[in-house]
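Labels run A, B, C and D following the written order; every chain starts at residue 1.
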Amino acid sequence: MSDLTTFRQEIRDWLNDNCPESMRTPVTQEEQIWGGRNLRFPTEDAKLWFDRCVEKGYCVPDWPEEYGGAGFSAKETRIFKEEMARLNCRAPQVNLGIWMVGPAILEFGTEEQKREHLPKIARGEIRWCQGYSEPGAGSDLAGLQCKAESDGDDYIINGSKIWTSYADHSDWIYCLVRTDPDAPKHEGITFLLFDMASEGVDAKPIELITGETHFCQTFFDNVRVPKKNALGVENKGWTVAKRVLQFERNMMSDMEASANTSGTTPRSAAIEHIGLVDGKLADPVFRQSVVRHEIQKRALDKTQQRMADEFAQGVGDMSVAMILKYVGTEEEKRKYELILKIAGEQALGWSGEGFSDAELQLTRDWLASKTHSIAGGTSEIQLNIIAKRVLGLPDAAGK
Amino acid sequence: MSDLTTFRQEIRDWLNDNCPESMRTPVTQEEQIWGGRNLRFPTEDAKLWFDRCVEKGYCVPDWPEEYGGAGFSAKETRIFKEEMARLNCRAPQVNLGIWMVGPAILEFGTEEQKREHLPKIARGEIRWCQGYSEPGAGSDLAGLQCKAESDGDDYIINGSKIWTSYADHSDWIYCLVRTDPDAPKHEGITFLLFDMASEGVDAKPIELITGETHFCQTFFDNVRVPKKNALGVENKGWTVAKRVLQFERNMMSDMEASANTSGTTPRSAAIEHIGLVDGKLADPVFRQSVVRHEIQKRALDKTQQRMADEFAQGVGDMSVAMILKYVGTEEEKRKYELILKIAGEQALGWSGEGFSDAELQLTRDWLASKTHSIAGGTSEIQLNIIAKRVLGLPDAAGK
Amino acid sequence: MSLVFNEEQRSLKDTARGFVQANSPVESLRKLRDSQDSVGFSRDVWGQMVELGWGGIIFPEAYGGFDFGVKGLAACMEEFGRTLLPSPLLSSVALSGSVILQAGNETQKQELLSSIASGELLVSLALEEGVRHNPVAISTTAVRNEGGYTISGSKTLVMDAHVADQLIVVARTAGQPGDHDGISLFLVDAGAKGVMISKTHLADSRNYARVTFDKVAVSDSALLGEAGQGFAPLDRALDVARICLAAELFGGVQEAFERTVEYLKERKQFGVLIGTFQGLQHRCAHMYTEIQLCKSLMMDALSALEAGKEKAPALISAAKAKISETAELVTNEAVQLHGGIGVTDELEIGFFMKRARVAQLLLGDAHFHYDRYARLEGF
Amino acid sequence: MSLVFNEEQRSLKDTARGFVQANSPVESLRKLRDSQDSVGFSRDVWGQMVELGWGGIIFPEAYGGFDFGVKGLAACMEEFGRTLLPSPLLSSVALSGSVILQAGNETQKQELLSSIASGELLVSLALEEGVRHNPVAISTTAVRNEGGYTISGSKTLVMDAHVADQLIVVARTAGQPGDHDGISLFLVDAGAKGVMISKTHLADSRNYARVTFDKVAVSDSALLGEAGQGFAPLDRALDVARICLAAELFGGVQEAFERTVEYLKERKQFGVLIGTFQGLQHRCAHMYTEIQLCKSLMMDALSALEAGKEKAPALISAAKAKISETAELVTNEAVQLHGGIGVTDELEIGFFMKRARVAQLLLGDAHFHYDRYARLEGF
């Protein structure tokens, strides 16, 4: 216990000494550091902070030091994150390498793959994108058609992926391809890593309701990829894919915190637009809605903490994890609808004068919240999973 | 138009002259007039009011005069009901004869059947119960097992029915029986009318969560029924049954009005237990909940009126009718949950001192509301019907 | 007091439906948005609308109108909502026209209404000062001086102000923000000295502006109705616009719902139509019930208004509140049930959601109208 | 600050589960109800509970207790809630015992707590005066006179008062109803002159009474804590009872939910298990998520209370509010999803719904605790 207390103090001191003041403010979409070959820093402080974190392995604190991490235990990692949050330190970089494919390589990769990819992710040199969904397939991920045909030591990839976020700005892709078209749909899939600069790769942005274009449709026309780039076993890629989906769900439920770049909460909006009278929000109906949201939000945060505590005590159960994405994204939608009601016109600005940057961002945050309960497994899919895997409710006959 | 105005005035005058003051107060469960061979009146006024209505045919105002009705048109019937409601006149009698089997006999009966049954219903001489559901069958009405075997001019009935309301106090039953066990489940059913005093009939009350026992399980042991007692064609009883289910759904959505014998509304409870300050309910959160309920309730009432107006204009559509039972019973549940929150302890009394009769009734009304979204087609069945028949959403394969 | 549109109204509605489907599908709004059109609606389409009589639809014949009543206009608004038609019909006709009808003297009505009806004149109401609708929270002042008034203050959410010829300004000649008394209505030339109009861009890509009045001088004849007694006619005019806006919103809700149900009948997942999933079926069936309830409340409010019932304002609040809540439910579900393509800009369903949120807010959201309903009902 | 019961607490919980399943299934409550038992709980079962140590579970060892803490008690309450066990554990131990611990002087603690722990003494708290929980709306007066006080007033919802040996009366020695200051706590003999106890019968078939105090004379030594300063210790004690009651309610919610899910796996309709219907699956899955959130809030509140965090009262309000709302959802769904048999008295599911509504109300419903949370959070 006292070791961890010391550890906490050390982290706190280091952050205090090393995290520039300007890196302790809410980050905007534009200032987010995504890493990659085209890495640019919006400010000198951002570069300084990034470099210092990379040096200590703090972009991936729980990865082994040999792969660029800090080698922290689960408990240490949690303390690290708590201290980062306490000082409002920005994440030094955020991307799918750190969240998804890195952990997957740690778990399924060969030693060679680990040495090749992990340090680059830890140092933000390579930016990854994800090639899972296909046009028209939606929630039925495993029904994928993008094919990889064997050609000596290589595969030849043909097909297309959709919802590949920032594919047009990414360096590498981890991609599900069908290597055995005759196998049942969950078999015959391979989890493949390849360079987006390969010949035959083309990424075309899709505009969302938020006006943003981080997603692409990505086309593969006879793309040649070495077979050794498969992560895990050929035709057994679904196992890796499922694990990555778990990482994704956990990440999605964290999304709110990082996505809420306007920094507005129902409480802050209510204090600004409704005001306090005798220390109470002047509108009791909105006041109750704000409380409801705060309690739900706290319940969600505490559920994550409880899971960790349960695992620590050996009474853990993965079924609790399955609620996080559903609850997190659904509550996020309610949160923004509530803010819209409270802030009225100021939360519905689109551009131009009359609205602060934070207000214009708020409108996007509201719209972005609609995407989160769809991406990474819709809420309906989450409910199916809970009903069947956790509650053990039966499948309909013939399905 | 001026004819209807005159008509309205005549009805209003007649009600004013003939409906005793004590019959213009909310009716309690005990004072409800159900009719039948054992008809007893709780007060002299009740008898007077009943006799006067029977004489005019006002128990069934829209039935032809030859069968004991008043021969009113649809518009006249609505005016009659509006005037009854305006003066808070109690219904002279309420029962399944008037609501369900009477209209069914009018539509499907032979002239002989009409002459035999309708006047008795209009005069409250025979009380009917309904034999539809069977133990274990639940919402799958058509899966019924109760069998009627041919024996010359008679059927011999064996089996059992559940949720037969007041079977132990009823004189006749309309009952679905299987006359052809080999036919598909919706065929081979006959709609049969018979006397509950027949040999081999036994009704055993079921206690509900309200503490009340109006429902029974009813057993038939070699009950002999003449074949001419079938309503409609042999083996085609499902057609009649479906029509009666429509009557039932309309009746169920009216239920709240007649079932709310405590007379408490969210608004009245709030005024009593929370109180007004400067003409506003002192608690704005409850105030909003009361408003929501009132608007929903008005929307439901106006939907019924709109349907009538649409049919009158020739642009009617039965699909609107399909929402009434679902909306009515679900809102009724919300209404009582709201009253419970507002009235606190006073809405949770069960018996004994400390609670008025109306308060004790309120607790029952709350519990009874739970039965209404199950009886007569569960809310889930209603949603299925809307999804498939109104919206045309497809059936799952294999069903 | 019939709860159904009569034959004349149904025929108007059919005309409106045919008109917008031919002349202003949702795609038109997208084009106006993408080209950052400075007018924000099609003057051509508006010209045709005026020609077909919509400009004077609710005005008495004596003022160049067609006297079809609010019910007739609402029937059309429902159809206009289905294609998200942008036009000055709400701002200039339903709202400003109603204020003039309710508050103006005979001369003002004669002069202004027929010009509005003919489309020559566009008038906008400068009412709101806060982030949400509140017609008594008026701080803008109109100070009496010789022969006129001097108006100062700031307004927001002024519909179509950037193209208006005249503005009706709600200003205070007495009392404090929050008081009913002391509110007065003034006609101000949009080009008058001291008037500054700046267009704002909201999520629904429709037209709103902020307007500031810096010591704007108007003559006595600019006053609409009696000084200090403007609230009552204003509120009556607002009620006309509220139910018309509710009808427009309701049209959009129905369109979004119907598109969603159709999608469920086409889209396959895991080898089956997603419309077969009971979870989705029940949600759609529930939405259908809410939509039917909205329709009944809308017809209830329109009928009460037409019949001049005392309860009409409360019923208009009931309809606007319920339709606003249903709009939130249905547009959110529409996006969610469309899945991935539901959140692309390419699919039009997002346009319905964006318009719905602004229309929910305008002229009072559910929160405002619940409160107003209770107030009018005396509890 | 761990959000999980430790090994000791888990073992206590297992004991509690085994105990009630063997000694007090739901059927026991039905029997007490149907026989109109005048005690309303089994003295025999309560005797065994005391013997097993539950009477002193939260008291320090110095006062004859076992010092397992509120977390330990709550772990057990969850299990007791699963079989709807009626016992004086909440009224006499969690509530009255906590008031004595928080407010009493050393002598009072020594005298009373060990007797409560041993089951010799039953104490009830006479607090409420209105239809809903409100610990400051105290009109009952305690008027100072020579050597003591005279108490007059009426109380309701006094748990287990009909079998209590002593009552703790919340009375006002100064101030007005609504004030925090001026509230004092008195120990009154249940048999004292002027005390009238009348049992009320609520929907949950548990034990409550209305108690009137007609000029009841008590001596100075009856005062618990300082005169006029009773609210703070009372509120701390209430918080202990609130989270224990929330835990009990949560146990019932889980039981009702699990029974419902099991039913869906057994019950066939239209030839298939109703558990295969996606509409019902999604509703169950949603309930599961709510239940998990309740659990986290309950553990959060218990941990904060154990650690003496300043935020503990707000977190207890959060837990009681959320569990109360979830109880309404889950018990209603449990009845509905059981269909026809769900509304019979024969099936036990109705007992859970009836108990839930009373437990939701007791010591503050969601409405009360939402308000309290906001107040404690300063907005």
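FYI, a residue touches a chain if its C-beta (ideal position, glycine included) is under 8 Å from a C-beta of that chain, and two chains touch if they have at least 3 such contacts.
By chain, UniProt protein names: A, B, C, D = Acyl-CoA dehydrogenase.
Since the structure is predicted, the reported quantities are computational estimates derived from the model, not experimental observations.
Q: Of the other chains, whose C-alpha centre is the longest way from the centre of subunit C (Acyl-CoA dehydrogenase)?
A: D
Q: If you tally the C-beta contacts, which comes out ahead, A-C or A-D?
A: Higher C-beta contact count between the two pairs: A-D.
Q: Compute the distance, rounded to whole Å, between the mean C-alpha positions of subunit B (Acyl-CoA dehydrogenase) and subunit D (Acyl-CoA dehydrogenase).
A: 40
Q: Just the number, please: Cα centre separation of subunit A (Acyl-CoA dehydrogenase) and subunit D (Acyl-CoA dehydrogenase) in whole Å.
A: 42
Q: Between subunit C (Acyl-CoA dehydrogenase) and subunit D (Acyl-CoA dehydrogenase), what distance separates the C-alpha centroids? Give it in angstrom.
A: Centres of subunit C (Acyl-CoA dehydrogenase) and subunit D (Acyl-CoA dehydrogenase) (C-alpha means) sit 52 Å apart.
Q: Counting only residues that touch at least two other chains, what does the list for subunit B (Acyl-CoA dehydrogenase) look like?
A: 285, 288, 380, 383, 396-397
Q: Note the residues in subunit C (Acyl-CoA dehydrogenase) that touch 2 or more other chains, in rising order.
A: In subunit C (Acyl-CoA dehydrogenase), residues 277-282, 367 touch at least two other chains, as defined above.
Q: Which of the residues in subunit A (Acyl-CoA dehydrogenase) come into contact with subunit B (Acyl-CoA dehydrogenase) in the complex?
A: So the residues of subunit A (Acyl-CoA dehydrogenase) touching subunit B (Acyl-CoA dehydrogenase) come out as 283-285, 288, 396-398.
Q: For subunit C (Acyl-CoA dehydrogenase), which residues are in contact with subunit D (Acyl-CoA dehydrogenase) within the complex?
A: 277-282
Q: Taking the complex as given, what residues does subunit B (Acyl-CoA dehydrogenase) use to touch subunit D (Acyl-CoA dehydrogenase)?
A: Residues 133, 137-140, 143, 162-163, 206-209, 211, 273, 285-286, 333, 337, 340-341, 343-346, 348-355, 363, 367, 370-371, 373-375, 378-380, 383, 399.
Q: Within their complex, state which residues of subunit D (Acyl-CoA dehydrogenase) touch subunit B (Acyl-CoA dehydrogenase).
A: Interface residues on subunit D (Acyl-CoA dehydrogenase), with respect to subunit B (Acyl-CoA dehydrogenase): 128, 130-132, 156-157, 198-205, 210, 267, 269-271, 277, 279-280, 328, 332, 335-336, 339-340, 342-346, 350, 353-354, 357-358, 361, 365, 367.
Q: Going by the contact rule at the top, pick out the subunit B (Acyl-CoA dehydrogenase) residues touching subunit C (Acyl-CoA dehydrogenase) in the complex.
A: 267, 270-271, 276, 279-281, 287-288, 290-292, 294-296, 298-300, 302-303, 305-306, 309-310, 312-313, 315, 320, 323, 326-327, 380, 382-384, 386-388, 390-397
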